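Each of the next two complexes has subunit A plus one other chain: subunit B in the first, subunit C in the second.
For the complex of A and B:
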């Protein structure tokens, strides 16, 4: 007992982690997500916007959650010279890692689709199931986004479901405040 | 006492890990959250707790617990655990508590069955609440390493709150434990040494809380604390202790680990002759270190 080498005990989880390759869970690239979400678009043009402090405060007030990135990743989906939608790539907190997802929003502010680009959690991979993601289609900033009522919950992935649900609502508010007039 | 058993257990847990980074909600060493496993999923844990330093002599004890959990429904998790005790104590005798030097282990020390009922989900209902009940039978006294038979029942209320979209997590626990124990007689004790073998009843109330912050993907750093007060039918409050310390948690897809240092900050009640300072050292120690390793399946 006196000779117990506790450094070995402490090192074990670290060694296990270091020796474990990170799982490949990047399901879609940005280009893939764009094509899947708005297939009729001829091209996707990066759109730069810097949200003002007032806009950030308004997003939090309207969606209930903060928009951390003042320069969100946005692309304008073009068909000729016409804007036929917007793609916003965002991250929310999962149980232990960030979940990267893309949301397509129509010029008039309705969800066209949601794609999970990366998901690394041990449970709740069903958030990638089209049946679950399709619940968001057609929703606008006026709609309710209550988890387990308006959006079904997935057991074992409740935090992921809640944060994705809140995230989509937040992006709809962002669209209404910063992109609606650009369409 | 050899450390080979302990190391082999930990090595087995680590080697059994598939080559991926992993995850779970055991963010703390001593306090527990309110979530249950999804129906049909399970986890295997190995907990090791090193208890050391009673202020005089040498005292080190390692509690090893191997536990399996299974989600019966989305709101009910059942678990079973086997525990083992390794102990090395010399240079200190405490009348009624530490009767003789000992260096033994690991030895099988008990079995525990537990049920966790989720009442409110922290992610769904904004505030999480669970009721945890357990029953345990022990064959060794965890403090002295001597033989005894103890039946213990425990109920814990566990609250949990996600803050900052889950970046910061709070948990709070309230616990009530009742134990009925009968010590086995020990031969050749010094004359007048008290080692009661009549059945005894003890009740412990505990309250704990912890905060954990996600400092990077997969990594959580936090702090937790626990107050415990022990009562006996004849003397009322016998002892109390307050532990607090830092904790670090790593969680990936299949495997997670939590390390906690839990020093005793303050304590009171019964002391042993010659004891200095204001700590509860009759049954507790100055320091505890807990390492948990778990695997999801």
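For the complex of A and C:
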């Protein structure tokens, strides 16, 4: 790596006030998430299930987290006539954030993968002056950066992914209760 | 996610929950196939260095009797080497054996049947035998939360470069590294969770730490996940951000700079790293 390539940047007034609170980052569509998580599947068939009140209560009891949606978004990953896995698209809500994520679960109930599909932060009332004052290389950020939402990369105190970890635990119980026997 | 810089290649960004946080990898979309191996490396670092997982290297180090060499992954040795070096160069301020304090204060779980009083060792008691063997000469609870994310980012960048990726960004919950010719706008999340500033960064690593939103009261005292001099919790109302060439250094230095700015300045200079201040405070 070029030695201290960044050091000249520090001397420049590169910091700029931000135009708006970070709002949303979209990573993957449902179709993309399915393909990324179970690439060997030939197709993904929507699977409709309505969880009974007893099942919802059981999920909360076994995972420690309430399952709010009685009709979760589920796809069966198929290879010919065989079910090779399940994709569940779920949402969790944190202190400020709303996260949509996809979990792939094997027919025997193991996590095959987790992908964040979108990350949205709700921070009302903090919209600041929309002028960017970035003068790095004589260009404004808007010139070189086509942003319709916000800056996607953030550095700050580490955000916990605990709500995703809990969500995946809950989906594993959901699989065991409602999908395991369908495989 | 796809987005385009005018006149530049379209980028693809993926995000997965690893290392207790959200890890984003951005590369030009023609290199999308390199994302999976980069994530796999991060998953491997997580597996080796997780405090929670019962089969991690850290679990085996805390379970082994004191004075007995333990075979661990090369990556774990690499991180412990840097941790030992930083311990020595910071007069013991940077100490990865703070697991005892973090468990006591509720920032880490009470794994297995822990009797915290047993774990009296500090980083000086860690002996690196060779690239795959480590010996803890006293019982200790090692937590690599202050350094492993930066290391994982560095490893992921190495994997991307090995896959001929010419530019990209890996961001593990705010500890990030940029490589290639592109200049990236990075937003800085302040300690109060507000984003007030962005900075345009070329190839470098940037890490930030804050604990204003991560505090507990325990035994009548304020506790934070950052442990400083005298193994006391460090409470800072500010975000601390450090730029370096390697993310492991940037990550670890935020902890040292937060605990003791006076100690940090010469150490930052020694590593060619720099504290990033807000513009109205001037650049340090």
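Convention: the second predicted complex is superposed on the first by the 119 of 183 C-alpha atoms of A that agree within 3 Å, B and C clash if a C-alpha of one lies under 4 Å from a C-alpha of the other, contacts with A are read in each partner's own complex, and residues count from 1 in each chain.
As a working rule, a contact is a pair of C-beta atoms (placed from the backbone, for glycine too) under 8 Å apart; a residue touches a chain by one contact, two chains touch by 3 or more.
As the structure is a computational prediction, the values presented were derived from the model and not from experiment.
In the superposition on chain A, contact of A:155 is made with both subunit B and subunit C. In the superposed model, A:120 lies in contact with subunit B only, and not with subunit C. Using the contact criterion defined above for the overlaid structures, shared-chain residue A:93 touches subunit B, although it does not reach subunit C. Once the two complexes are laid over each other on the shared chain, residue contacts for A:165 go to subunit C alone; subunit B is not touched.
The wider contact with subunit A, measured as residues touched, comes from C rather than the other of subunit B and subunit C.
Contacts of A:108 after superposition: neither subunit B nor subunit C is touched. Overlap of the subunit B and subunit C contact sets on subunit A: residues 1-6, 9-10, 13, 15-17, 21-22, 96, 123, 147, 153, 155-156, 158-159, 161-162. Per the touch definition, subunit B reaches subunit A in the complex via residues 1, 3, 6-7, 10-11, 13-14, 17-25, 35, 37-39, 41, 48, 50, 58, 60, 62, 74, 86-88, 103, 121, 123-124, 162, 165-167, 214, 217-218, 250-255, 257, 259, 289, 291, 293, 296. Looking at the complex, you find that subunit C touches subunit A at residues 1, 3-6, 13-18, 20-22, 24, 26, 149, 169, 171, 173-176, 179, 183-191, 193-204, 206-214, 239, 241, 243, 245, 272, 274, 276, 278-279, 283. Interface residues of subunit A, counted against subunit B in their complex, comprise 1-6, 8-10, 12-13, 15-17, 19-23, 65, 92-98, 120-123, 147-148, 153, 155-156, 158-159, 161-163, 166. Listing the residues of subunit A that touch subunit C in their complex gives 1-7, 9-11, 13-18, 21-22, 25-28, 36, 96, 101, 113-116, 119, 123, 126, 128, 132, 134, 136-137, 141, 143-147, 150-162, 164-165.
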